[in-house]
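Quick notes on the structure that follows.
Order as written gives the chain letters A, B, C, D, E and F; numbering starts at 1 within each chain.
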């Protein structure tokens, strides 16, 4: 069985046209979402996407043999930094609602990972009612956390800061893992959102391991998206810290989880060697950035399962960890 | 014949979903607009709109007997203050393109009024290539000018400031009128965009008349939307200035044009009395804010032509000025 | 009998020279006001003013047949945004003191409306001791509230915000109406103070009606100066909101009061028709902005009572409401 | 003969009431100064001032035996930091005009020192037309320079910076000395204007001597008010610099001039010893801060000439330098 | 016996190289100070300093006959404004530790005055644990207080503000005097740190005397460094305040203490005359700014004791006050 | 032969104590560097460093068999963001001078790579005289470029921006490669300098490849430190861009050079596979962050040559490229 922990929702244009409206009227037309029929919603999963290689979300999953995908909101659309907060709250809630409807429309195919209304004008405590609703009422199994609610417009507090404790504590209380995944990225930051993801993951891993969060909250399951940013590759820089702390940096790193959203076999091998397959979860981000055919191979760039299949030194147990058992364990599937 | 100088484009959801994407990826996916077929575009004018009283754009026009509507981009969607400038430029250009396509799809029904890519990070000179394209290549007959490119996030320079001269000079060179109409409105400003329109018109009229713009550019035709903001109602405050300047404020005011986008007969009468029907152009903003049925009368709130019809003291010549000849004169129709 | 609810104090030069000193030494010379004799003060009401058409304050009132004028501080002089707060407090208190002395010097001619020391560096609660002093010790019958204590230098919180509740609650407790009237206006705002009044009134009415203040404080009597800014003229924009709220915007508007400080008959007629004469109070702002002779008519521009007299469709009862009974009712005269 | 180089203008209340108006309407009423008659102006010099010990400006001069006083605008009233610039320009010009009228009204008693419209929003070059007018048209003999045009709201460029060169060059061209004297002082600066004078003088002397201004402009005559701030007292800190520069700090200091506006004999003696009486000009600032009777001695605190008289070690030549010949030399009297 | 209350620590290069490291790595290498041996530390007091006239700290003291010097951290090195706070705390603590070690290495020669970790990002309460450690554990006898923790980058609250009360209260509780002495000075401030000392002292004395601190805390002993900035020289400006407050400014001034760190006899005489020798403590700041030979006299500029010796009008009792008894009294020596 | 392109200078404490002084007095003591004798300087290369595993710089090189090391300033000490610019200029010049002296003291062992005085208050053109001095007068063979002159305090312009062209053009003109290496890192940035290096390299590679710099300047040789930040590991994210640009991202990447400063064999293998050994230069950063003994292996963490030796699939030609020929080629050795 193949569980993909890193998938993002599909939605019809009406949903994003509504979002464009929220950003234009800033809530003065009210926040009522558009009426999207089940057919329209189903269609957004069954229609070929021009930006995703002209096949549909479902075809992507079927083609890759993904049995279950954990669906979260599409991060770069999250608009956490927009004002007033009520439009962030409305858009987040409706994103979660549409995920729930997809879970119901495609039985067994999806489970939900909740987005949070992470406006920097709200306190982290104020993000949590939506999380509780998503888990307790909608049955979601995880939460996605954006480490930069400012989306590049200010420097946020690093993930080791007590600012973030309420989210950690809620995740423990609700017994769900946290998927670290930043959102949009605006000026003055220099990088596009896609690179911002990587930069945020790098600094977040560093900050968590530099803090005592993982000691304070040992039951916390944090999954770092996209293979951990730069850290597994640059891990050598941190190894000498053993002299100061007496603890191996690799051991610290292995308190976190990582997904496999890397698109080259070399990188996947590096990741598996550095943190171990017992700390990596299969994630494809399908359909998404990598949903193009590689002209050199004829494969989809995001056919990460094929790259893993090609690694000849993995044992069956390791493959099972990657594709199924790690995910079952922390998502309580 | 009834010419409506104040109408805004319709577009399918795909257009606004594209806009939502631009605001999410900030241009990193490229700026290519979605492929919108003629059928889709036509459909956006023929389908009932839930926010416009559940009838279509075309039905609104037909119902009101509007023979020709001048179409401009929908102002609250203009996103002039968003960064980087390239997304403002792309969205503005595609807005103008869709207007041009509507002009062609509905022969005789529409003419275009151009939107400008009014990013505050560009100079006014940098807004003008799009204006020249719209007039010279697309055949547009006017230009819409947003007096607050910051959309509420900073205080812009007032309209009498030399900052705006390049736009005035281009309008004269291209022999087109300027429709003053602000766009969106964000924090920290207190008012919603719809009230921001009014506030901007008020301060813009004041600033133009306080400056020497109209003396410097006597051939300039500036139309103030929504009946001139607060000015015709508050005009008494400015009358004593005759003592200082020797010029009647009413005479100065009558160098400007005003549209009739007011939704009560009393206000229309006031406007006509203050500035004269020879300075007012019929504008309905249909479909738009006023596209609701008044439960008390059964009329559409934006059936402004009915309100004008009800004013018994207007002569036929005055009605002709309002509905046709003034527009023909300054738009060269 | 003719009651004018909108008049501003006169004062001798020594008072404003003292103010110039406060702004120059910022309190380091102490805050003791100048000794102004009764004769000097009386003289400031009896002497012709060069900026008010060269007749005196009293002549203005007599000429207009105003029996009782409610005197408030001259708003554009209020200097609420100046620092340190102690100079705002001293100047406000002395303004109120001089009003009280005028009330006493001209028995029956005046009643006081209190200014507040509305420094943005003080909390609204800190403005209230002066209000209590003015009402309880000086016998004032109303309070003037500046909706923009920053005087154009920053965007203030809108009037529907809980920030303002302490003032509303004090007004109810003291059983006095609130006269909305902004003060000075500095850079970076584009408009002169006189237009700022109008802009502030427009946004304040919008904000109050968009909030639940009038439902929360049903006994609150708020008078919007200058005929309500742009709102009565632009009221059509808000009428469609009945579809969303089920409440007529006109009904909401009629929970407020308006003064008649408009200088054209057309505008007065519009105001009376939109909100009803039972919600309008005669206000002349005499002597003030309109205290010039209209060369076309020979009348004073601010002879608003003549404009009202000229409206032939008003009943005697309506005239009584405007000139006397409305004011008696809410000011408890 | 006794020449006092440091006196500030007197003016009637009407002048300062006009200033209060400028600060309230920010120029929107126009900038026309009030009509002040010769009698009113003369009266402001002949009437007892309550804040100056209840005797008049002229009595102060006569009492101290001052034959000629150089009159400059009253610095703490200068309002250089106020916006828009046109009110600074109007107020400065009228200050200079009133000085000129006083010079004419009291023949032989006064000469003028010009104020400059030192708005930080203008360039120093833009301050100079008023200087040229004052010297060439009004016959003024010096110029007062405020080293902090921001009046405490921002940190200005120090006096050694090329920013100030245009003023230095104009002074040389017009052959007049510069009297350094700062103006008002607002938040966030901690000190009152009177202490700000001292702080500005201290840092200005330091900056001039740290720069090459005095080498670059050897013919420049700069008079530091109030005895040079802290410098003569703290001069010992700077003496070791001889090791680095090879030049005695005292020699550098003696390229500047200092006035005697100190109110204790000990301080005057210190000043004379440090810089030499050939570099000090008698200045009384009468009437001003020191115009109070000392209860211990019965003398006016600002009877600086008496303190000088009491210094027994001064020669007649030195007394002549202080009271007359130094001033004659640099002011070309 | 000669007690010098104003001396600053010496330290080997390793200490300042460590500081350079803290400023480079901002604490990411840890905050462990370098191992400095007793020999290295002793050597820093016994080696000739190139910037202090090429003789050693101890030679300076011996040469001047100083029996006991109170050692504080070298102020311009304090780096209070640097971030993060932990590097300020570490550097301050180690400064105090090195002072304590010097006290122990040179028995009888030194006593300690504590530096505080005055980061503006900490509250004054958070500065106090280090003060208590220094007094209670290290045996220090006083505390140095920097009145500008921002070091020129922002305007701090003046010393009369309640912000500073916790430090005053701790000094009283611990029964130690406070030596006012500012630290570094960065842009945008115009002055170098050495002049910043003087400016800060001037404004601090003014603020203390303008506030009620000395009435509220009568047992507080505050020593103003460098002879009180500009105040004793400019004291005449403040004398007229007796008219307003009824209290002699000199009497107020004499509630403070002053050190003798002035380098000219004239200034010392002025200081003694203004505040009295019973309020002045001998301070040499040796070795420091003044540690150069005066080419004119062959004396060290900072041989302040010689300047005092040269003042012929001082009595033996006064000399004893200056050199010994005042210090014994307030430092409890 | 083994050429190490990534080594940083050693220096005695006196050099860093001088730097601490510059940061304390901000240039007011002058900028003269301390006299460091040849013996002191040589000693700093021959003495065991406590933070570098207690062996000396030279022992590190000898132990690793490094024949030639290219020495650049120690980046985290660069203090580019400090003010005023003159202290940055003085410190940079002296850093380069000490490198030149080391080159001369250890013949054949070192060559110099120049630091630039990259104050953000200077233009890039103003950084170049020091570069020309270093190359033309000191014989340096390369230049180190900090991509974040603000050191974390503001967001700099990305490396593809024309802002950086003058440096690129000077490097071409002088025929030297550019070593990208950021410097210190201060608040508000969240990461320590060591991680900042990685983040800056990631965004710089992205920006260069997103711009047309490498097409515009084909002869430019840019070496990205630390194995290219996150890019080689995350390269899969960028591969789909081939669909848009038609160019393989790997081909674009191979226009850059990379050093081998990674401390794990897996990472080195990844780097070699992704960009090819013909684009990688051996760099050890010895002595530095990795100069600790790995308790697990007994090797120095920064014995990168051993990690390379352990890669069994490298050919002799590839080893020669890495250790010698690539460096010879671009550094013209």
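In the analysis below, a residue touches a chain if its C-beta (ideal position, glycine included) is under 8 Å from a C-beta of that chain, and two chains touch if they have at least 3 such contacts.
In this text, all values refer to a predicted model and were calculated from it rather than measured experimentally.
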- Task: Trace the shortest chain of touching neighbours from chain C to chain E and give its length in steps.
- Result: 2
- B-C against A-B, pair bridged by the larger set of C-beta contacts: B-C
- Chain of greatest Cα-centre distance to chain D: A
- Note on the structure: Rounded to the nearest Å, the gap between Cα centres of chain C and chain D is 43
- Item | CA centroid of chain A to CA centroid of chain D, Å | 68
- Note on the structure: Per the C-alpha means, the centres of chain B and chain F lie apart by a whole-Å value of 57
- Which chain C residues sit where two or more other chains touch them? 192, 194
- Query: Mapping chain-to-chain touches, which pattern fits: line, ring, star, complete or other?
  - Reply: ring
- Complex contact set, residues of chain B against chain C: 155-158, 188-192, 194-195, 198-199, 202-203, 206-207, 226-227, 229-230, 232-237, 239-240, 242-243, 262-264, 266-267, 269-270, 273-274, 289-292, 294-295, 301
- So in the complex, which bits of chain E are touching chain F? 12-17, 19-21, 23-26, 28-29, 35, 50-51, 76-77, 79, 83-84, 184-187, 192-194
